[in-house]
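Letters are used for the chains, namely A, B, C and D, taken in the order the chains are written, and counting of residues starts over at 1 for each.
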């Protein structure tokens, strides 16, 4: 008889079922409602142009969201060094572009961010440090180094073809950058749901000690999660740098909170062990659609935070309530 | 393996880590004194402390929240809101009543955070991220993204001018509050029970402590402190602006953690936070005197923070020795040596 | 109704959806008496105690404290009514001092400030009353496990309870520490407290309690004075079956040496452990709690670093730095703590079973769905997991089924060497028999098995050879057929040096 | 015995930590001695940021001018955070320099600091952004563009171009920033004065940042699309954001609505030549930096200085784009 624990798990099946599906249906329903509301609000909402806009605005953050989902699933809490790794990607690709060409520069940018992510991974996975404060500290360091590298000045790109390529349209409709983003989402989803690393990530998030005792390299799995956010943020920074043809150290500010908002609204729990990349994608889409509607309604940029804050509270409160009534707190 | 054990478990090393803040602070002051002329002059110290006061007030609130095992990201947004209330309402209500309304805003915001975490049971990182976005947007909405100005710039000077050549008003307010926090954490029943709530909520509950009340109180306290910081900050510049306090919380968390408070809860001290704040203030002052670029300053602060977390981990990795100076003294006196250092039940979470 | 009765629970019934946990149970405990409650897990012990602790409300029945009928709405009410609970998982705060922990709920104070002198004095008084030599100013985090246990008891005792419930208090205590615990319990009963003692260790129950109540499947079997009753009789009452067929032993041909461990040691835990296990052989690893059996197993399996010693499989040395090396070398380890190290609650039965050998059902890093499903189905059926579905989440299963899933996980690895750590603890009688049948089959297939168990009857009945550990060293190696007395002798260290 | 060991080794570690830290703080020349001997003037410069298309060249010009004048500069960067700025102003006063140059990010917040500077007898020059009139009495001089006037010029130009009617959107700078408020109010109030029926459909804040402007412009284009008659951006960087968004939306750059920017950046000049940009107002950051430094140096030397020294603004359109130098 251990310390008082909630009632034994054998609750009635239907409640378990409801909480099992409740969380799944909530998001698509929310998105549907937003689409309908959007259409009612402005006739320009349901146009190909506008929806493509929403997808473009989502792409840069979306790539980071995929990485952040792995951090959440492995119970890594959050990666606050995202602004730094995004900046590293953006600054390096434009900084080195003239000397070694855009593609090699892009690779160097992503690699540098991957190294930063790897260091985070080592500190948190192997040394077992607290993820929040560690990524906070490493973020300030990496951002500082990135600025020292470019001498604290704005970096300008000189390859407008690359910019045209990324922002160009395939079959006249879908911008290339959106395709890249969707590809990252699909690959991310498959890795998390179908690969060994993905299965291990869920296991580590759900019960780290049992997973370790099942011959799973727990430390390595946790480290990889942070390596992924670092690499993907770097990649997103590179894409951003190329699309804008200019990069400054503060290019990634606020992206870590936007990514966390999307993952949380998507229903991926901070406690680890559950949630998928598609949930997070759904969460991001939901937030972006709402933001788009607010813009179309003329709501100024800053006050939109009211809706985002309420959205996070709503999504998590419902998830917690469902989970607790399902008896599996 | 054995070599590593005895270096890191020797009392000297433990003593060092336990009092690391004092050591890092001393090192910073030594560096500052050698490189920066007039660094140790009273005037520089008074200015450095004044700059730290607003950050310090937010850090005081965060210390309690961290010891309770939670996080509060919304301090900066609450600071902005309180400032706007304090200045914006001066015309109608007069300066003093408006300041109290500003304080009330802090308390209310803290209560909202408490409600989200304790009643809705939302994880505090996510809950205060949401409230941060919410309060910041509210600040912009109320002021339509424009700063509000007070009726009399001289009124605020009392707060930000050194009183009789010594410290400024807000530095004194900060010192009084951090000393009170120290006494509360070490001497009061509620303070000691906060450690119980932070380190083991179930055990606290089983001993008749209402953990949820403590958590709620911790967030109200943190909100109140952010409110006090907002009132004082806005009075000293006679302006309330929706963009105030944007990155104050992350620096405050760094200061509190440098001071030895752990994010996992159950451990921390007001003196540690004071040490962390003084270290950051000394660092900023020393480096600004050398017009060291802001991004290099960020690297130095980041490295120190990381060093301390790593140091703290190596110590708590092995069995946690009771290495306060008092314990060392007591142990030497009673010269009790227990060979078997059996692995304790309470591994580092 | 004599006023000397501290507690009387009559006609207590409690059922949860689908399970009838308690039906019409009556217990009474006198002041100054140690009343033991025994029974297999699932017999209703914990539910009964939770009702007493105010965690659950009974569906029917009454609770009388010192003759007065009461309703215990919640734990705090129960505590106020003088019921002290000492749980298995200690409720202590590592960063507060011993004195602060003992008086956590009721710290002496003046105007809200802690009265340190009074605090230290009161704590000292409680510790002296219990004759416990612990410094009131030490941080609890720096104490040994047994010292912490005593602080926990002092904490409950300080609240001046009328009744103290001890739940498996000796699970992590050495023999010497158990005796000092008993000394404290006797001090409490001398002070007129009523003590309810819950333990799987029948020998301890006989040693400390005056009366014992046996529960089985939620019903009261019998309450009898412990004088004159033997462990065998108690087990018979608990399980209602004959002793021998509880542990069916299958005769198996023993092959040559599969696992050889030489000179294994780890600072402060065990030193110079050398043993061999042959194919088809079941090596029993016996010893009291804290003798280091689990630590040895974890070191062999690579869960803990070892300071010295080599491990050989089929004669060739293998370097095992972590569980992955061990699994690759053909070693599997079913852990002692099922909740902590066994199951991954949020994953399905399929995912749990395939977890340790995911690479064997994957191709270039991608999991082959079909191969995984067949592996999981086969193992689930082999282990008689009921119902044999593989989709539900593991945290929706009963304790017995969860243990079978953990078993299935390790059988999926088709190990050459299988280490079992308390395989049948906390499992209902039916599942216990199934598990022993499975162990028998594995031995028959040539697997070398090491079984750690605290229940001597089980070790004696099932093992081909028994190695006994005492304080981290091998104190004896006994052949099959050795008596309980021989094992206990070796386990308490009286035989060797 | 054991305690003494721990104290000794602790002291050793302090020295080691000290050395490590000293490695980071770069050795520095000795900045200000006592009161400023004639040629040896020290200036404390609280700038807006350290990595920004306009601010960085201004800082460089400031340093170059300082080198010429043989003046030592301590530079503190606010990183666009007003709160840090007000504290840095106090730090400057603490160093009792011979003069302070402040880049105000808020029209009000620095006033108490300016009062303390005045009490300490330290001349203060505001660079680039205006502050409310109340502040001007505590300031020796304000050098830099007349942002309100820039708004007025923009209003006149667009009003003439559109024949006093049509729809306009404003892409404004950082919320609450003096320059943003000056350029936006100058524009809107001038339109009212002119009685023009140009309608401002929406004002968005893009913090003088190209990326934020790009995201905001995407939505503006979607929302208003082709009935946008003109766009007024508070600076060329944000105008660039709008142009990128326009191209990205698949529309051809030829029928992009006329865009009005400020700063006179290189890429704006090229767009004007390419006919995709209506006009910009050259406001050279180098001019800004140099003028501010020279003004504070003369103030520090006790010479009289004008209270308001604007830097010349030249409007650049397709007509004179070839014979005017881009500012940065």
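FYI, contacts are C-beta pairs under 8 Å (C-beta built on N, C-alpha and C of every residue); 3 or more make two chains touch, one makes a residue touch a chain.
None of these values were measured; they are calculated from a predicted model.
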Labels of chains that are neighbours to chain A and to chain D: B
Longest centre-to-centre distance from chain D, chain (CA-based): C
Inter-chain centre distance, chain C versus chain D - centres from mean C-alpha coordinates, in Å: 70
Mean-CA-position distance for chain D and chain B (Å): 33
Centre-to-centre distance between chain B and chain A (centres being mean Cα positions), rounded to whole Å: 29
Whole-Å gap separating chain B and chain C, where each centre is the average of the chain's CA atoms: 43
Set of chain D residues in contact with two or more other chains: 50, 175, 205
Junction residues of chain A - those touching two or more other chains: 3-4, 147, 152, 249, 300, 302
Junction residues of chain B - those touching two or more other chains: 140, 145, 202, 206, 242, 293, 295-296, 299, 303
Inter-chain touch pairs (all): A-B, A-C, A-D, B-C, B-D
Residue ranges of chain C touching chain A (in the complex, touch as defined): 16-19, 45-46, 49-50, 53, 55, 75, 87-89, 91, 167-168, 198, 303, 322-324, 326-327, 333, 335, 340-347, 351, 355-356, 358-359, 362, 365-367, 369, 395-396, 409
Complex contact set, residues of chain A against chain D: 42, 44, 47, 49-50, 53, 56-57, 147, 150, 152-154, 167, 169, 172, 175, 240, 243-244, 246, 248-251, 292, 295-296, 298, 300-302
Chain B contact footprint on chain D (complex, rising order): 1-3, 5-6, 9-10, 13-14, 17-18, 21-22, 24-28, 30-32, 50, 73-77, 79, 81-83, 86-88, 90-91, 93-95, 106-113, 115-116, 132, 134, 174-176, 181, 205
In the complex, chain B residues that touch chain A: 71, 116, 120-123, 125-127, 129-138, 140-141, 144-145, 202, 206, 242, 250, 253-254, 257, 262-264, 293, 295-299, 301-303, 305-306, 309-310, 313, 317
Chain A residues within the chain B interface of the complex: 3-4, 77-78, 80, 123, 127-130, 132-134, 136-141, 143-145, 147-148, 152, 249, 257, 260-261, 264, 270-271, 300, 302-306, 308-313, 316-317, 320, 324
